[in-house]
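As written, the chain order gives the labels A, B, C and D, with residue 1 at the start of each chain.
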Amino acid sequence: MSLPTSQPPHSVAPNSVARVMGIVLIALIPAIVVHIVFFGIGLAVQLTLAIATALITEAIALHLRRQPVRPFLSDGSALITAVLLAFCLPPLAPWWLVVSGTAFAILLAKHLYGGLGSNPFNPAMVGYVVLLVSFPQHLTRWLTPEASGLHPVDLSFVQTLHAIFIGQLPPELTWDAITSPTPLDAVRTGLKMGLTLQEAQAAPTFGGLGGRGWEWINLAVLAGGIWLLALKIVRWHIPVALLAGLAIPAAIMHAVDPGSYAGALFEVTSGASMLGAFFIATDPVSAATSDRGRLVYGFGIGLVAYIIRTWGGYPDGIAFGVLLLNLAVPLIDRYTVPRIYGRAT
Amino acid sequence: MSSLLLILLSAVLISHFALTRVPALRPFASTSPFDDAVRLAIAVLACTSVVTPLSYLLRNHVLQPLHVLYLQPLLFVVLIMLVAQLIRLVVEQRTLWAPNATALFALLTGNSAILGATLLVPSRVETFIDSIGLGLGIGLSFAVLLLCLTTLEQRMRHAAIAVSFRGTPLALITAGVMALALMGFTGLIAE
Amino acid sequence: MLTAALLAAGFAAALASVLARSSRVVPRSTLIERINDVLPQTQCGRCTFAGCKPYATALAEGRADINHCPPGGDTTARTLATLLDRPYKPVDPQFGITPAQPVVAWVDESRCIGCTKCIQACPVDAIVGASKFMHTIIAAQCTGCELCIAPCPVDCIELRPAQASQLSLSS
Amino acid sequence: MTTRSQTRGGLKLETHKHRSTMRPLRAARPAELLTLPLDQHAGAAARPIVATGDLVALGQPIAEPTADISAWLHSPVSGRVRAIEPQPSALHPDTPSLAIVIENDGADRTHAANQPFDFSNAEPAAIVEHIARGGIVGLGGAIFPTAAKLARAPAKSAHLIVNGAECEPWISCDDMLMRERASEVIAGAKVLCRAVLAEHCTIAVEDDMREAAQALREAVEHAGGGIEVVEVPSIYPAGGERQLITTLTGLEVPSGGLPQDIGILCQNVGTAAAIARWVHDGEPLIRRVVTITGSAIQEPANLDAVIGTPLSRLIADCGGFATEPAKLMMGGPMMGIALPTDQFAVLKGMNCVFAATLRDIQPAGPEMPCIRCGSCSEVCPAILLPQQLHRLALAGEVPELDEYGLLDCIECGCCDYVCPSQIPLVERFRVAKPEVLRYRTMRSMAPEARAQFEAREVRLARLEEERRARLAEKRRSITSKP
């Protein structure tokens, strides 16, 4: 009888990177379904394109780095990057936009910095910001939501493929007719033109909270996020801190001048707030690693996002906030080490 | 806004290279690059917060009345060298910091954030208080960005990065991503 | 035009005076001092220099490389690499091997003849005794530099692992 | 003195103790050949005081301590010393160490000198010296010689904690000991209180050990009270010395320090029972309770085993192997030492023989890179950041490892347990600890060694100067003579 003599501990919980990433992907499904309900099948096409590109690029990169392809390909981290990036792009964006963004994210933001576990920046956000800065007009072509009473857009599957792959709409529609600004954009341009908040929000695209289609998507993301919290895949520190970073300045400014600054609830349920709080900022690799560090990191993202949304040049600042705070993570980690048992400081 | 970002980023990048890659230009020599970065950041912060208000006074109360505005860049450089020299004297007393005085002096005078701050004053600032604010702002943002880049580089030292990208190439790419992140702030202040 | 010239000259003069006053170069000693702080101070001479301070001076002047110090081992080589901004190199085995765990010398009192040769050799005065009297080594002060082993005529000194109590556990 | 409201981290583990606690505690059949390694306690190995072929009585000392942190060793049976030779030891399965092998003659002649000791009016120092002679060591797993620990105990107003919080899954030897021999534990606690003049004494058990707590409370009343039985939450590793002290008193043992720095002495219930048997019945530490458990064992149970008995005999007493075990361990799944075969002997520190099948344990899967998720830092009872320690250990950054508290890691295995990337963290920390220890020693010795060196340089220069002055003086006196 000669039994294995490996080191303790001899028993561990059945857990793996693939399981963690898999659960995060499942948590995203409700939001994807609601998005398709409101904005048509476009997202499904974008998702397949993104996922295909991500897997191919990952396989090539792993081969080039002479790493074992099978375990890393099946750990699901590339899938999450692809899904998050596709989710942030307009459903009818041209095919090469999401393909180039995903390839750029996986190759440069992840594998160049050393692959899974050592990429300082969130790959999805690097991809998104590159696209946002390079092709701004493509990223503003958001569609009018289904149930908003405006002439809704119900392109058939084939027409959607046409729009995405050839960029050609059915004859009776034009790009300006079917697109309308997102609620965030509408409020910003409205306020810039001197309208009061109430007038800017009177446009039909506004529903109860953050804009007709968008509020439901944000609630679906929130549902997925709470499920992740329940399963302890994600801890509450980053989401709560990020939403606080958005809500607190918004509440203060709204109190100071209700006419020209949107309220806290609007900020939290519009744009990519919920997606950023529960799925983007909580990417463990690029986030701060101690509880205190996560609070600082989350609040920082929320604050930067609010500043950019209110006074900046871009409609939604979550992506920039994530990148900026990713940059500061090593510094935050250095100063937020918890007090070790038995040590005074 | 983007011009301010540009001068800040270039200053951070050059100072970071001086700190970690060019032995002759290392302003301090301690056992960890982070301590060097903190000391250099403090020196630059001191320099900008002193130089910018002085340049505002010099410009508004000396050059303007004498109609010699064209002397502005020259005198500002001389002013910076003066302040850099004073900082060098102060820092030399603190042997704990173990300054390499000439490198520190060169870095302070050559730092584009400091000279940039003085030259940006006319187009950005109306009152004296604002110029102090601008000086402090630039110094602080330089300090934060430099510390972030240094600690980030320290963490990346042990990652499985392709050999051809290790060190400087990746530092430049990181600076590129930093620029992308800072692009979010364009439009914050009217150009 | 005149005012401009005057102004420029005034500034240049101020700058020249300040520059002149502070032209003395900081003595290099602070660098030697800082290198010496990093070295393990075992004074063992395995780095072919007469002790840690001479090695630090050689390092400061660039005469020596950073991987000559076996007692300091990997940690000291890494710290020196950062301090002197040179690429890190592991310790060169020709200068000796880093012991697996700290060792101290030990005199076998049954064979010691009291010749004081090891006392003279010990760089940190960790050996107590007088000529014709018994010698013994103070374990707490012995740095394990092995300099006392060679001079001993009766070869009665051997290396033993340091006792846990002698290792300082509290930081 | 730093306090913390309640301990942090730890894991709620499935205890799996019912299988081994449903059968009563019983004595194991003595074996013919007993192997007694000389280094089966913390500190310096013992030195044999018997030779091959000597006749030994039951309880007769056969090896003496060689330093102040060392322990006596007694013969568990009467018989003849077969050999003193290197034998495999369960503490380090792959490197044999010197051991005494005794042939059991079955007569059980006891050693006459072992008499009960009246501790009630003896001096604390005498009690400590007597405990040392009994070869008593910590039976909780640290196997630190008890006398050495008592000698370092706080001089006055000590708080004695008897640790019955057996938190590792599968192990139930302390639980059964407390259920069936609570009086012995209380008697031992009384002796310990007298030995360190402890002001108050607490016995800690886990809140899911109902019968044990009940038995202890009855024994305390029977013995006249004065000892408080406290139930602590059953979260692994609640039984760790530092974690238990903080749960009970809210104080924290200082980093790199010992419990007596904050006036506390912590002893295992098994140690207390062994002290009681030695003081009251004159029986030194020659046997202890061992849990034989795991689904590979036919009838798991707790045996009162004689030290030196081969494991194969204990397993045979429990009905032998039901199936081929996936792993055989001394101790539990979290901190136990894996053994290649069952040919090892029972040691003073062996609290459990765990023959596990793949239904009992989930071995770690293929290792992936760390994704900095922080689950490990959330369960770490020493409140460290294992993900940072792991990154620094791989990079060999020893000074930063010391700063991030590697030497405060108690190697409990919680971080390995929850790691999604299945990284063997504890193994890597164990490899890096000697490096950090050497770095600390180097840093603490450097200033003193440097001062000595520089003082010597000055002295040699002065002597050289004097010699040259004397020479010059002599030369001048010679040349100046007419």
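Keep this in mind: a contact is a pair of C-beta atoms (placed from the backbone, for glycine too) under 8 Å apart; a residue touches a chain by one contact, two chains touch by 3 or more.
Small disclaimer: the values here were computed from a predicted structure and weren't measured.
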Ranking chain pairs by how many C-beta pairs touch, which one is first?
A-D
Among all other chains, pick the one whose mean CA position is farthest from the mean CA position of chain C.
A
Between chain A and chain D, centroid-to-centroid distance (C-alpha), Å:
51
CA centroids of chain B and chain C: separation to the nearest Å works out as 37
Averaging C-alpha coordinates per chain, one finds the centres of chain A and chain C separated by a number of Å equal to 54
Could you list the positions in chain C whose residues touch two or more of the other chains?
79
On chain D, where are the residues touching two or more other chains?
254-257
Find every residue in chain A that makes contact with two or more other chains and list them.
115, 118, 333
According to the definition of touch, which chains form touching pairs?
A-B, A-D, B-C, B-D, C-D
Over in the complex, which chain B residues touch chain C? Could you list them?
20, 23, 26, 29-33, 62, 66, 68, 71, 74-75, 78-79, 81-82, 85-86, 88-89, 92, 95, 98-101
Mind pulling up the chain D residues that touch chain C in the complex?
43, 67, 69, 254-257, 396-399, 402, 407, 434-435, 437-442, 444-450, 452-453, 455-456
Chain B residues touching chain D - in the complex, by the definition given at the top
155, 157-158
Which chain B residues qualify as touching chain A in the complex?
34, 144-145, 147-149, 151-152, 154-156, 159-162, 165, 170, 173-174, 177-178, 180-188
Give the list of chain D residues in touch with chain A in this complex.
2, 4, 93-94, 242, 246, 252-257, 324-329, 331, 333-342, 356, 360-366, 368-375, 377-378, 381-385, 387-388, 404-405, 408, 411, 413, 416-422, 424, 426-427, 430
